[in-house]
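Read through the structures below before going on.
Two complexes follow with chain A in common, the first pairing it with chain B and the second with chain C.
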Partner chain A sequence: MYANPIAYFFSSIFVLIAHIAMLVNIYFNGNYTNVRSVAVLGAAVIILDIAYLVGIIFFKQASYILDFLLILIIGMSVIFQSCFGEVGFDVKHYITCIVCLVASKASYLLCRNHKYLQDKKKYIYAAIGIVVLITLVFTSAENMWIEIGSFTIQPSEFLKPLFVLACATSIADQQKKHKVLFFNVVYENIALFGIMAIICLVQVKSHDYGSLPTFLSIYAAGFLLRICYPKAKFSKKKLFAVIAVIVIFLLIGLKYAPEYVQHRLHVDIWSDKTGDGYQQSQALIGIANGGWFGVGPGKGFLANVFAYDNDIVFATVSEEWGLLYALMMVFTIVVITAVPLINPARSYFHGTMSACVSAAFLVQMALNIWGSCNLIPFTGVTVPFISTGGSSLMVSGFMIGMLLAAQSPVFKEQKNKKQEAPVPAWRWNE
Partner chain B sequence: MKSIKRTQRIISLVILFFVLGMAVLVFKLIHESSFYMMNSDKHELGFVYDRKGDVLFDGTGKDSYPDNYFLDVGNIIGDDKGQMENTLVAQNIEKLNNYSFSNGLIQNGGQASICTTLDHASNRAVFNAYGYQEGCVSAYNYKTGEILVCTSLPSLDVTKGYDNIANFKPGTLMSKNLYKTVPGSTQKVSTVISALEIMGTSQLFSKSFTCTGKYTNRTGNDIDCHNPYGHGTQNIQEAFENSCNPFFAQLIEDEDLPLDRLKKQYEKMGYAINGAKPEYIDINGIQCETASTTLEDPYQFKTQWGCIGQGDTIVSPIQLMMWQSAIANESGRMTMPYLIDHVTDLKGNVKEKAKTRYSDKLFSESTASSTKQIMLTNGSDRYAYSISGYRVGVKSGTAQVDEGMKENSLLVGFVDDPSFPIAFCILIEDKDSGYLTTEQVAQVLLDNLKNNY
Partner chain C sequence: MNSLNLILCAVSAAALDICIFVLIITAYREKKSSKKNWHEVSHDMELAEQGKIYELGCDEVLIGRHASADVRLPDLSVSRYHAMMTVSDGVWTIKDIGSKSGLFVNGELIREKVLSENDIIKLGNRRLIFRKRSDKRVR
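Moving on to the complex of A and B:
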């Protein structure tokens, strides 16, 4: 049960007011033909808010900040996605958001006990193997999704939380060093490097280059925290070595990237604004068109541009709601990743998990937003919680659950069994 | 607990990196938003005005104007149709857009405008003076850099569109002031400056060479003079006034004017020598071509011919005019010209007010002073009647073009009057096709500027 009812009450009110304010904005400034669509959307969002806010009461947690932030951003996401082009309740996105919330709680329950996960590590590795196989067999460079009915699943998305778990668990094994030739090596680290390499190769094979930096960021954060364990401070040598390796890999990658990737790196979007630069140029025009306060929900033209609801979603939100609102949306996600700074993780495992999740979220968000705004090459990854996509939302929810678990971990004590006096191997026979 | 702080440091580092990136992005978006909007279908352009508020371009397209109202400035002001890239509107179209990130796009009543330094009345008077002949005229205030006249013929009235583009005369869609042309004997100003800079005034004035109508140089080529009977023995002042080719050919051959120093001085003045990549002079985003010539051997015809202002030497009229400012100001620095006095935003607030800027030093003050004196003497001796009412320092030139089939007439100069500091360059193409002289154009130009300035 929530420890502080007053804080719970006011936090809940804050979330509800934020969403109601957005709905009021839609009512006055939105593009809708029938006010009923606004009412339906409003009812759906408020019901989801209340259901979740009531639901969390039944979870025993040390902190609920992340829950409030999660439902805040999920509500925003439902409202944004329902307004693009014209106001109308987006049922499909609503369902995926519910899946996201459920996934967060499931993940929370799963990741609270690090000893449990440590014992199940072989299953984590096996799950990674299965997902890799599914990705290799069922997807291709032309189609990265598996279609099930009206839903599509991107299997490579599920590698992210699994890889985070692989990086974070059994860190204590760092102390088990083995002499191989002249080097002291940790088998765990070699295994992790191998997994990372396999994942990267699968991404390259699938032409999903956008996800590579996300996996690399998870690996960089996790690996760095592993190799510095158990000392209190970072080893500067190791820190620089990791940075140097990343830079070298990056430079090699850039030099030997396929032709179409090189083209994307150097494309001038304004001279090719009807070709390869179309999405980005339209995204930037949309942001400029929206200004600080937007043209109004449902009134933007970006809803006619391909991938308006995921790849260039920041620009679509900016156009309809204004850059200020889009930045608030980003700020909310940044605050989610910053919660471990306010409520420190309770164990090194949970801390490593939090760092990996935060790095993944922020890198993914940077790739999407900066890419769509032509600050870096356009990759087409999603913004956590905001972009459409069942896999993305489910995985984002799962990873939020990891952050939740880091706030309220479980350390199951071994029951103190009364130890029997050992029978001496040798007894004096009188 | 200390080791857990390490995990927090990683998170802080990534957040910091992300926030910094977002700050850069927001700055970029706000800074470039006007450019983005100009690339969309939605834009509401404002007006371009002359220095007195007369309309030079109407971005709204709603008002009506007399026939050919914009003809005199059509190819320097341009429009937003994309046919003329090197024009004021094309290069500064974002400034005309009635849009700002904070206020959005103003459909009606936006006050975004560009207020230029041009004087529409003077441009029109000079344009009309040409009649059916073609050429260009540029004039600016050599103290401040304000371009007052920049007209080029043939031209177009942008309000009439481009339906008839196939019948446009060559050069209609460009301001000839910006593009290189053979300077003729106006090049001798640069040669005099170089000689003064290298030899010094007293040594140059002590030199005298004889002209017999033509000069056979050391490699056996003839340098013809326009006076077939010759000018006799002359010093630099006389040769400058006579525009004597044999004198200047002999000057180039003179041992006191070493070629390497001559090349350096030419380069200092902005010439691209012997095929070097030429640069551009930026005038509010408009690119103006800079001079180029060939200086390989002081005894060769090509080099001598180039220093006289024919052959490989080409200079834009604007650059010829700019050198006049360095002479007239006696500073050796060019006053950099500009067309935009100020810009107003969509609410009418003044922004981007122009400031006077100067080039690096091209030559010494004493060289500038001596050249000024030579030009003023030329003006008083030869042009006092044809350009009356002004104390002018000038140099004329006749440029052979189309392999000598046609001759262009040029006149560069300045008015030596602190209250009327005007430098100018006048070009009449194919001078023999009519009766117009550069002096007549100069008189019209200066009279109109005097009345309207």
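Moving on to the complex of A and C:
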């Protein structure tokens, strides 16, 4: 605990400097009518930074690097979202960011002891079932959100961390093989495949095709580690078989995709600038307009385009803050996902969890950015931490808590579990 | 955009760059302390045989003949996937995972056993000693 106090002190200072530099940029370059709005935004960001950096001292962790990266990206998110269109203070996004930070800590406390979670595996499967039912009953293809007062919840988002937990908790059961006819079967693998199939069907029913690659990436990361568990069991044949099945399903999916999806796949955005290609063409114009250093916070025109703050947020940031800043934002998220590579997890459970979360973050980010840049069809997937959306931010926070847990794990047996008495060595019996 | 604003944008981006660079350095510093922390969790134990020391680097250590086992014993008397060692609360347990020649701890054939310091583990013709980690100690 607190193994590197000097490094932590400097990390905190540099996080604050990075945010202050952004606020100074807003003060000199931003589009605002009253300087008070800049002062309020600045105070809110700095207070959140200090509160979080002080708060993490009370958590006994082996590693704090993800906390610094999280507060850095959350501060950037608050500043970006408050500046789109005109500099102000986006209170709703600020509150969701606080919820994200709280969710990360709650998730860390929940996931750091894998033996505890492995004992509660059935509750994870039950939670997946409940969320799937809620999604089926309360949402439709036209409306994927549930409205509770002034808040809206997207239930399918909550399937992501639950699915990651399902992948990770079942990894230790890979050695429990059962003979069914002529095959050695692991029940957990079949259950996981079933869950994945159900989630995909629910997403297809909700017409949320953009989320499918995220779930598939989580499953792929989980499966890859599954067939490598223990390491010696790695089988190239299985891997090639899985890749072949995925490619076949992908081709079938593309062939029989609904008409509007087919249209999106083949649309020429420049010849359909006012139709299906509107957002992407505007996003590309915005990126070009912003150049390397942007037109200035709050001075972009993309704030008038639908979904400027979530679906095409990369383009909006590029326009107002410049491509350099947008790329640095992407790099920050890439560094978050790369932390488990610098300090690898000490258990297969945490390793699987880290791989699944990193895969989900990277795929989500790639879909959003490539979609904005017209490299792939527009999917409407959010960029983790940067896009608006309470459900998305809360789930992203929960998932980064899993990475935190993998960096500071606890290896303890459950107290209520019957413990095997240590067998004395033979020399003591003699 | 005038040159002053351009400089401010560049400075702002540079501050973010430096911050990320500092955080990456902190991550590498934490890697060292994390290793030290792991040695405390695993009670600083290691496996050793004549002239060789095997570090117990994660909570599940696979012992076998296969090239990708954590503790590789290239001996035909050892199964490819012979035994698995796990740690919990600083207590190491060894478990036979379907070996052909069996797993012996201190001469006793076992299926699963909690290990104590200086236990002798026999897998096929190979003998390993479970002991406290010590770089200087040569057996």
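Following the convention adopted for this analysis, the second predicted complex is superposed on the first by the 407 of 430 C-alpha atoms of A that agree within 3 Å, B and C clash if a C-alpha of one lies under 4 Å from a C-alpha of the other, contacts with A are read in each partner's own complex, and residues count from 1 in each chain.
Methods note: contacts are C-beta pairs under 8 Å (C-beta built on N, C-alpha and C of every residue); 3 or more make two chains touch, one makes a residue touch a chain.
No experiment lies behind these values; they were computed from the predicted model shown.
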Checklist entry - Given the touch rule stated above, what does A:Y108 touch, chain B (first), chain C (second), both, or neither? => result neither
Next on the checklist: For A:P340, using the defined touch cut-off, is the partner it touches chain B, chain C, both, or neither? Pick first, second, both or neither.
Outcome noted: first
Next on the checklist: Looking at A:Y209 after the superposition, I want to know if it touches chain B, chain C, both of them or none. Which is it: first, second, both, neither?
Outcome noted: neither
Next on the checklist: Contact-wise, after the overlay, does A:Y348 reach chain B, chain C, both or neither (first, second, both, neither)?
Outcome noted: both
Next on the checklist: By the touch definition at the top of the document, which applies to A:A18: first (chain B), second (chain C), both, or neither?
Outcome noted: second
Checklist entry - Taking the superposition as given, does A:F385 touch the first partner, chain B, the second, chain C, both, or neither? => result neither
Next on the checklist: Quick check on the superposed pair: does A:Y308 touch chain B, chain C, both, or neither? Answer first, second, both or neither.
Outcome noted: neither
Next on the checklist: Once chain A of both complexes is superposed, is A:F398 in touch with chain B (first), chain C (second), both, or neither?
Outcome noted: neither
Checklist entry - More residues of chain A are touched by which chain, chain B or chain C? => result C
Next on the checklist: For A:F28, using the defined touch cut-off, is the partner it touches chain B, chain C, both, or neither? Pick first, second, both or neither.
Outcome noted: second
Item to check | chain C-contacting residues of chain A that also contact chain B | outcome: 230-234, 295, 345, 347-348
Checklist entry - What part of chain A is in contact with chain C in the complex they form? => result 3-4, 7-8, 10-11, 14-15, 17-18, 20-22, 24-25, 28-29, 62-65, 68-69, 72, 76, 115, 175, 230-234, 293-296, 321-322, 324-325, 328, 331-332, 335, 339, 342-343, 345-348, 407, 411-413, 420, 422-427
Checklist entry - In their complex, what parts of chain C are in touch with chain A? => result 1, 4-6, 8-20, 22-31, 33-34, 36-38, 41, 57-60, 62, 64, 66-70, 80-81, 84, 87-91, 93, 97, 106-108, 112-114, 116, 118-119
Item to check | Touching residues on chain A, where the partner in the complex is chain B | outcome: 217, 221, 224-225, 228-234, 270, 273, 281, 284-285, 287-289, 291-292, 295, 323, 327, 330, 334, 337-338, 340-341, 344-345, 347-348, 351-352, 354-355, 358-359, 362-363, 365-366, 369-370, 373, 375
Item to check | In the complex, chain B residues that touch chain A | outcome: 1-12, 14-15, 17-19, 21-22, 24-26, 28-29, 32-34, 36-37, 39-40, 42, 99-105
